[in-house]
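A short write-up of the structure that comes next.
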Amino acid sequence: MTQDTPQEAVLAIRSLSVVYVGRRSAAQAVTEVDLEVQNNEILGLVGESGCGKTTLAVAMLGLIEPPGKVIGGAVQIRTHDHSTQDILKVKPSLHRQLLWKEIAYIPQGSMSALNPVKRVREQLTDTLIEHGLKKNEALERARWALQVVSLDAAILERYPHELSGGMVQRVAIAGAISMQPPVLVADEPTTALDVVTQRSILQELVSIREKFGSAILLISHDMGVMAQIADRIAVMYAGRIVEIGSIHQVFASPLHPYTKKLINAIPNARGRESGERLIGLGGESPNIWRHPPGCRFHPRCEFAIERCSQQAPVFTSPNGSSGQRVACHLY
Amino acid sequence: MRNPKLLIGGLLFLGLLIFALAGPTIAKSRTKLKDPLQISAYTPYQAVSDEIPIGSDQLGRDAMAVFLYGMRLSLGVGFVAGIVGTLLGVLVGFVAGFVGGNTDTILRVLTDMFLVVPTLPLLMVLSISVDKWDLLTIGLLLGLFSWPFVARTVRAQVFSLSQRPFVDLARLNNENSLEIIVQELIPGLLPYIFLSVSGAAVGAMLAEAGLQILGIGSGNLATLGYLMAKAMGAGALGGGFAGQVLLPAGYLTLTFLCLNLINMGLDEQFNPRLQTTAHGE
Amino acid sequence: MKNEEKPEEKSFRSRLQRYRPLARYLGNRFGVYLFTLWASLSLAFILFRFMPGNPMAMSVTQLQSNAGLIVGADKAAEYYREKMGLNEPLHIQYLKFLKNMIFGPFDFGHSFVKYPTPVNEVIGRYLPWTLGLFTTSVILAWILGTAIGALLGWMRRSRFASWAIVLTTLINITPIYVLAVFLLLGLSYKLGWLPSGRPYDAQMMPSWKWPFIKSVLIHAILPVGTMVLVWSSGWILGMRSLMVSVLGEDYLAYARAKGLSPLTILKEYAFRNALLPQVAGLAIVLGMSLNGAYIIEIIFRIPGLGTLFANAAALRDFNTMMGLLVFSAFTVLTGSLIVDLAMPLFDPRIRRSDA
Amino acid sequence: MADLLTVTSLGQIFGTMTTVQAVDDVSFTMPKEPSIFNLVGESGSGKTTIARIILGLQKPTAGHVLYNNTDIGSKDKQWQTLFHREVQAVFQNPYSVYNPVYKVDRVLQTPIRKFKLSRSQQESREMIESSLRAVDLRPGDVLGKYPHQLSGGQRQRVMLARIHLIQPRLIIADEAVSMVDAAGRVTFLNVLLDFRERLNISTLYITHDLSTAQYLGGNIIVLYKGRIVEAGLTREVTKNPLHPYARLLIQSIPAPDPNKRWAEKLPLNMAEMSLVQSTNRARCLFAERCPNVMDACWQTRPELRKAPTDNTHEVACHLY
């Protein structure tokens, strides 16, 4: 499902940087991130916790709040009416309209994402009404959306605490697709769920993509999840994207040493049966308040050369292949 | 002690405490009389003059001297009540939170009961039956009514602390219940225990002054509340000796302010929720 | 599925099942209420029988001296003892007391000072003042405090809000009588804007005519204002910190991501959720508020229950004191019961659950 | 009998008015030889409760646990000390397992003191440092720090250093890596494998993550709603799962290979439980989600018995 013909991106993040302003210094949570998501594509964003992927998700929705601050960049989306809007620049009322209608967010599959004192119906229709639907239209739309994600309409009258984790996540997905937005952003949508429910939710996302041709940005720390449903994958380390490519390319021939380690560190039966040990990542996880100079991965990299500690690498396509790009001095 | 609230509150409170302790000495140095609290040294409710800057009280004493002596008494009532209330409250809260089960249910209903029922009428009934209106008795009496708040916070804290995995880890280290209480739970509770002492003390000082205003109390224990209440009763506000109300009121309010500042500071210092971690994103 | 217990069974019984948590909550709450009420009654009984100084004996003496009896004093004492049932064994006295409480209802006998007026009648005369001022103040303070606290929480990052919080904290820690004195001194004595020191104009006779009502209202501004100021500051601080913690919840971040307007988020997502503990808190604070109201009555010379209690205490009118004690406990307990019973209206998690 | 740990008919019911059966008739044994047992199940399957019971942190409502043929509820003080010395744990949450008021050092010093592991200050200091190095930590990085100054992975490894210090015979690792990053997981699992190979320490590894269990190998026990549904050698069970639930579980592991994607969409009834929970436990609890459900499944509870395929493998299902 890789697209060889270049298309116009529905979502384009351009050189986005976010900092957290502390009392004495600023923490670079996201640094000059460029990402494009195409129509009908699932782009996976993978990285350890603390690498800035959640900050990136919040920033691309234009919802960074103090002490966080966007210090540069743009988030352009192509809307239903084929105009292009920069989420970070539009005025607040338009911004609210763009959210959910053009770019919808799917939170973690936990109870805490839904308001505990409101029925599912209220939580779906209030948003639809504020996006221009009449009351009865909104209710109809909510019913339809629940049906799309295979939920009974009786769920409408339930409170979140009466639902299972998988159902809550389906409700969130139903909400996200109710206005058929071109872009969905799913932030760790299955972390809180058991594997069986995780599978059914991920497959739901795939069928949504098939039904509506939506672009989905899937954020997860789990390489297995990525391998199962992503078309392309972007690897993030310490606030920067270090590698991006189609899922097949990246799994078959990872370029960045960090990506290689991530893939090699996935526990499975294969390595063990032949008596081999997998190798974990040595060193300490990155601290956004004190990034090392040059390539941020160099203190943990076994291939580090002198240049790595002096100069931040830029993106190259070493194989000359379409799509796979890496930010590493080795190439 | 990098917390400014804790520092300012603590220093200011220290100042107030020293002032209160030095009160009698100051009073003696101000007056030519052998006993600065001599009755009928002046006519009752004599207006303000150079000699008596806030007038005289209903017994003809120098009201300033009564104030200078009274600070110590008011703080003393608060201190006794604070200690008594905290001891009781910590005991009840600890047993309820640590033992759990039915003991917890019973103690919780009891605590809630004392928390909800208005205490002032009860205190009034009890205090009129007190023969000897002295610091210890009143402090004890007021302390008996300030434990429910302490018990409630301590119970909640102990309950939440004893559910934490570090208590499980202590059990795996073969520590017994006593060691767990002393080493694992009490250190985390200390700020709350101090919070309770000062909370109960403030409550008791408030209630004592309230009782005086309601006309219950005696000149035996000339606390700030007593001075205020008698002056107010005599029409101090319209009668030109408002200082007899304002000075004690100011001192009490300032004390409460300090204790509150200390409490807020402690909360900020020790509440892990408000702390930032090294890897905070 | 062919088994008998199909999951989505919609029978009456299963629907009833879903409301079991609610029934259990209400039942529990009411049970605790009855128990607390019984405990307060018993406490009052024990207090007045075993208090040091033997209050009942003292009251008999009190009645004797009221009647001005010297000749035949023994007989009079015996008469009163008999009449008050003090000659009977203690457990019979207790049962009779409970009977009087339940079937009287709340029959405390006669006031010693205003003998033979029944205590209930005396209380009835003073009650409207307390009820009027206290209830108004509690409700006003709660509404104002909750609303202002919610706004200050919402604007948590503004400079104005942080100054407002400092000011509120200052008011909150000031004892209610100190504030009352300051307001009295400033607004009444120094500036002469508001009347004080009495519940209504001295020349007037109580009636239901407008001039009198107006006079009462004007005189009520200071005491009510004081109570509202102090009590609302507590609610402001509580509501603000509740709002701040709710604003950090996941469902709030999600509400923003849905593109909801700030007003909807404030009303439907933040305020509604922060309100729950605030409602629950009302039940607890009622008792403390009554304490404050008693003191305010004395300072502003309002003929309410606080004044009656102070007078009764000064004259050792034990029957009246007992009546007042039970009555204030009953009022506050019932008030907090009502608040607690209203909780399920705000919180669906108490209402029902399938867990 | 030469067993290290014997768990017999363990049961745990929670609640008084509405009851939940968290653990239902669970039995298994771990041998004296150093081994790894994986206890696998989704949340609510009772696995954490079993861990707490074995550690003596909770009293079961039915059944008992023998360690070296002695009931772990034994009142003998000396035996209890020995038991705690030999059975240790690593918990799920690397944050709240530390008392925030103390420095990290205390977690390592207390067991030395309580179990009298050293004779001098100097010796205990050396022990602590060598244990930290054994789990790939530099002593200077962690000693003298407060827990909130360390990362989650570091904190979890300090817990392993504690195990290395005590050198017990059995570790109960309850969801020990679920809050650790993917990259840190392997490091952690490798330490467990090292412990078994070099120090002869057995591990009862409790997890919802089958892929980590696969990596550790050894034996596996699959739990569903408090009951054992399948047990056997990890290799055997994951390759050839018999119980429909175990099969579903293994098929749902997201394989980290884009060429091995899930073929068909999961039927909805297999994915989620219905709104109303059944209270009838005299049947197969997986029935409503099972693709192979039969009449018998609704009527009788399947017992755990030897699988027809090979005699190390057990399954509780009416199909066999």
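In this document, chain identifiers A, B, C and D correspond to the written order of the chains, with residue numbering beginning at 1 in each.
Keep in mind that, in the parts below, a residue touches a chain if its C-beta (ideal position, glycine included) is under 8 Å from a C-beta of that chain, and two chains touch if they have at least 3 such contacts.
Everything quoted here is computed from the prediction, not taken from an experiment.
Engineer: Name whichever of B-D and A-D has more C-beta pairs touching across its two chains.
Structural biologist: Higher C-beta contact count between the two pairs: A-D.
Engineer: Please flag the chain sitting at the greatest distance from subunit B, going by CA centroids.
Structural biologist: A
Engineer: So, what's the distance in Å between the C-alpha centres of subunit B and subunit A?
Structural biologist: Each chain reduced to its C-alpha mean, subunit A and subunit B end up 54 Å apart.
Engineer: Once you find the CA centre of subunit A and the CA centre of subunit D, what distance in Å lies between them?
Structural biologist: The answer is 32 Å.
Engineer: Counting only Cα atoms for the centres, state how far subunit B is from subunit D in Å.
Structural biologist: 51
Engineer: Send over the residues of subunit B in touch with two or more other chains.
Structural biologist: Subunit B, residues with two or more chain partners: 278-279.
Engineer: Do you know which subunit D residues sit against two or more other chains?
Structural biologist: 151, 275
Engineer: Which parts of subunit A, given as residue numbers and ranges, touch two or more other chains?
Structural biologist: 162, 285
Engineer: Of all residues in subunit C, which touch subunit B in the complex?
Structural biologist: So the residues of subunit C touching subunit B come out as 32, 35-36, 39-40, 43, 47-48, 51-53, 55, 169-170, 173-175, 177-178, 181-182, 184-185, 188-189, 283-284, 286-288, 290-291, 294-295, 298-299, 306, 309-310, 313-314, 316, 321, 324-325, 328-329, 332-333, 336.
Engineer: Taking the touch rule as given, give the residues of subunit D at its contact with subunit B in the complex, in rising order.
Structural biologist: Going through subunit D, the ones touching subunit B are 52, 55-57, 80-81, 84-85, 88-89, 91-93, 96-102, 107, 110-111, 114-115, 148-151.
Engineer: Along subunit D, where are the residues that touch subunit A in the complex?
Structural biologist: The touching residues are 42-43, 136, 141, 151-154, 181-190, 193, 208-212, 214-217, 234-235, 238, 248-249, 252-262, 265-266, 268, 270-273, 275.
Engineer: In the complex formed with subunit D, which residues of subunit A make contact?
Structural biologist: 48-49, 150, 158, 162-164, 166-167, 194-200, 202-203, 207, 221-225, 227-230, 247-248, 251, 261-263, 265-269, 271-273, 277-282, 284-285
Engineer: Where on subunit A does subunit C make contact in their complex?
Structural biologist: 58, 61, 63, 66, 95-101, 104-105, 107-108, 110, 112-119, 122, 126-127, 130-131, 154, 159, 161-162, 172, 175
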